[in-house]
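Heads up, the next two complexes both have chain A, just with different partners, chain B and then chain C.
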Partner chain A sequence: MIEAEVRVYATLRQYLDQHDRGVLHMELAEGSTVADVLQRIGIPSDEVKQVFVDNRRAGLDVQLDDGARVSIFPPIAGGLG
Partner chain B sequence: MLEKQIEKRARGYLRPDGEEISVIDLGSVAQIASDSETSPRRVEIEALRIGVVPLKYERNLGTLGADGQLRLLQSRVGVVGLGGLGGFTCELLARVGVGKLTLIDDDVYDESNLNRQLHSGSGIIGRHKTEASAERVGQINPSVACEVHNERLDDTNAQRLLTGCDLVVDCLDSLDARFQLQDACAQLGVPMVHGAIAGMMGQVMVIYPGQEGLGALYGSAQQAPEHGVELSLGNLGATAAAVSAFQVQQAVKVLAEISRPDGDMLLIDMAVGSCERISLS
Partner chain C sequence: MAKFLRVNMSDGTVTQESPCEQYKHLGGRALTSRIVADEVAPTCHPLGPSNKVVLAPGLVTGTHAPSSGRISVGAKSPLTGGIKESNAGTPFSQQMGRMQIKALIIEGQAEEGFWLLVLDESGLRLQQADDLAGMGMSDVVDTLTERFGEHAGVMGIGPAGEMKMSMAGICFNDNENRASRYSGRGGLGAVLGAKGVKALVIDDTDAPGVEIKDQEMFRQGTRKLSDALREHEVTRPGGTLNSYGTAALINVLSEAGGLPVCNFSGGTYEEADDISGETIARMIEERGGEGMTGHSCHPGCIIQCSNVWPKEDGSEHVSVIEYESDWALGANLGISDLDAIAEMIRLCNDIGVDTIETGVTLGVAMEAGVAEFGDADRAIELIKEIGEGTPLGRILGQGAEVTGRVFGVTRVPTVKGQGMPAYEPRAVKGIGITYATTPMGADHTAGYTIGPEILAVGGEEDPLSPEGKAEISRDLQVATAFLDSTGYCLFTAFAILDIDSGFEGMVESVAGVLGTDWTADDATSLGEDVLDWEREFNRQAGFTRADDRLPEFMKLEKLPPHNQVYDVTDEELDRVHGE
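Up next, the complex of A and B:
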């Protein structure tokens, strides 16, 4: 097994339990990927999101090392009109 | 010449911490500028050089120092986009005493701007945003010289519009335009302070020339979506105020040489009250 710290931000928190403050500590099988984390939380595959693993932008197929830090947040671009 | 007039009109001032300094007030700066046929900005620069602090900057002094204030007065900052982020950014840059602003936006106010755009108002629907912001800057701090461009920044005009800027604040609203701005800043060799908002969330990142910046966040310009979740969440005034405050503080640190912010992204989530750094390198 490996452990990962997963942080979920903004609108994507709707998929977490209500008492959760956005930080999850997950135990996952060796070889687990970003896609496995998203599935465990219940974030739909068509939800627009950005994922960073250990501070690098990561695709769904990226495998996680033990102790990986995963951040998931929606793209935001507003500010003007 | 200027020096003698400044010294003649300077007076002692007791700072809140008990230190006594020499200051010059607004009216004296204006009078000297008028008598000498020069700009009030030039008078303030000369005053700081000889150890006289323009009174309007006195509360900046403890954090920025006279040298930092002098650097700000000598700087030009480009504000690209004068909506939710740009209005607050423009206001704070004028108040802190950045000497020259280049304001770029082709848009006019409409009623849906009133919830968050600082310089909008019910009586000026249809007015150019650049002009309203420049007028406001003149009211706050007449020493700040505004250059106004009622144009939409794109890759054909970006370098021309931003030439002379020491730093650029990204207050735009589409990722495509932001990538174009990042390219222009890299080519001009100036840092860009990126900011974006959606609902109660925002992000801020200082991008130095040569850094991956938005690319590290979204992949390439081609991969990036044009817009984000702000299309459904909308934009709140308090989020715009908070994020532009972070942008301005980063800009001030760079320009006044207080410190050099790293390339981390600040992710501000006002829904839960958190501000976290995400390292993208």
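Up next, the complex of A and C:
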């Protein structure tokens, strides 16, 4: 088993049971991918715009190392103001 | 008929002119930069009588075109020493557009005292404004709306502009007459203060409205653009900008390792979520009362990304907590208390200073030991000192570069003297190219590579790679120079970069107003011209390639978590503008 810290942001927090801060600590089978994390939480992949694993943008097929930090975002923009 | 108004503060004369042919198809940034380039000596002192402040609404501003209430303010900048255009979203711009004032040029210098300019359909008058001198912007707007009525629009400067501080901005009223919309960057408030102008009141009663030469073309264009804005996932009603505001970016940038923390010494912020757009929206909802998300800065905006932050008891504290301010006065200072950040923004709005330059300056001051990172009480005191004009406040009021020099700090995140905004170049290589090479000094809006590099809008690029970024930055700088001339909000770019018909519609709406047959190529060509004029002004002001560089510490110090230095070569930077 591996452990991952999963952070869910913005509109995707509606898929969490406790959507206060969107942080989950998950135990996953060795070789689990970003897609497995989405499936476990129940986030439809077509609502996910981007994922960062340990501060790098990652695809859904990226395999997670033990202790990985996985951050999941819907489409977001802003900050030009 | 479209007209220019010119007020000379040296002798108090006001003249009305018909714009000559070369200005006919210009608006917004294109017009302010063209007039500054034509009329202001590049080597003049920015605070002397030879500099001019030029205000211009965008080409479609004042029409029903969606999200188009921007006003451009141009001058030679006391912060950068180069040409400056800084724009804001405000109903003021729409009034100017409807009065068919293409440009208002404020020149000369009053011998003494401060003046109020009153602008309506009967013309422009000067009134002594000694009663307004020293007043914060909040009281200025309240006083003038009481005197001239709720319909009046207000532009003005706070005490910082009167003291000619290089971080002073020019303030405009928002939809509900708050003193909250700023042409903040580049110290334009100091230029207005140096001329002796405290405020301007505008009332467009009986105005003729914007002349639209080809109504059918205009209608077709605005319909396509509106559809794109309503369809795109980030600009649509209920989309992320509307729901969370611009601060939705805080968590994204932190997770990407590109959120500058504690004066650009780190790229991730452990407390990011405490100051995020998600938390802002949640707390506004929980506190209730006068707070709101989905607030708009001017009538007719589809996106509505602004907000009103409430105090704990639900009463209004400030509008607006947006991403750059939230970062500058939050993460960049190691401060994660939204109420403290709100208070700092309120003070900045009232004193009349740019929140970005203020935050970057305080970061440098904290680096120097003037205060501890994370000490919100001290940060608030320091901003108050800026407003009071104490000796320390006077130093800070001159911005990050001066403050760094005074205190012997080498980690000073500026380009051309202007403080860097909320994206770390060592973690997002393309935005560093924009900071380095835009004529404006470090300015994220000038070529927002964050779209493709971080947000996957308008393409998808690896933020850590320098490959191909010169072209991306250049193309965006050109597109932005056009957009800044139309009066459309830059956020429309998110929709038009992804939806082709939206961009077509934007160009058609402009062509409809002007009665031209413009296509995308004409838009590009105008954007290129604007950059050429601005760069030529800077060249004549003494700028060289050496000014198109990031500060040295970014090439020497590795930034966690990616542990990268800034590795875009000088040759690559010089390639942006083809030199």
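Here, the second predicted complex is superposed on the first by the 73 of 81 C-alpha atoms of A that agree within 3 Å, B and C clash if a C-alpha of one lies under 4 Å from a C-alpha of the other, contacts with A are read in each partner's own complex, and residues count from 1 in each chain.
Going forward, contacts are C-beta pairs under 8 Å (C-beta built on N, C-alpha and C of every residue); 3 or more make two chains touch, one makes a residue touch a chain.
These figures come from a predicted structure and were not determined experimentally.
Colleague: Quick one: classify A:57 as touching chain B (first), chain C (second), both or neither.
Modeller: both
Colleague: Contacts for A:33 in the overlay, against chain B (first) and chain C (second): which applies, first, second, both or neither?
Modeller: Neither: A:33 stays clear of chain B and chain C.
Colleague: Given the touch rule stated above, what does A:21 touch, chain B (first), chain C (second), both, or neither?
Modeller: Both partners, chain B and chain C.
Colleague: Is A:48 touching anything from chain B or chain C once the two structures are fitted on A? First, second, both or neither.
Modeller: Only chain B is touched by A:48; chain C is not.
Colleague: Which partner does A:10 reach: the first (chain B), the second (chain C), both, or neither?
Modeller: both
Colleague: For A:76 in the superposed arrangement: first (chain B), second (chain C), both or neither?
Modeller: Once the two structures are laid over each other on A, A:76 reaches both partners.
Colleague: Following superposition on chain A, which residues of chain A contact chain B and also contact chain C?
Modeller: After superposing on chain A, chain A residues 7, 9-11, 13, 21-22, 50, 52, 55-57, 71, 73-81 contact both chain B and chain C.
Colleague: In the complex, go through chain A and note every residue touching chain C.
Modeller: 7, 9-11, 13, 21-22, 49-50, 52, 54-57, 71, 73-81
Colleague: Spell out the residues on chain A that touch chain B in their complex, using ranges where they run on.
Modeller: Residues in contact with chain B: 7, 9-11, 13, 21-22, 48, 50, 52, 55-57, 71, 73-81.
Colleague: Can you check the complex and tell me which residues of chain C touch chain A?
Modeller: Within the complex, chain C touches chain A at residues 233-235, 239-241, 243-249, 251-253, 255-257, 267-268, 273, 276-278, 305, 320, 322-324, 422-423, 444-445, 448, 450-451, 455-457, 462-464, 490-491, 493-494, 561-562.
Colleague: How about chain B: which of its residues touch chain A in the complex?
Modeller: For this pair, the touching residues of chain B are 81-86, 105, 107, 113, 170-175, 178, 195-203, 216-219, 224-230, 233-235, 240, 243, 267, 269, 271-272, 274, 276, 278-281.
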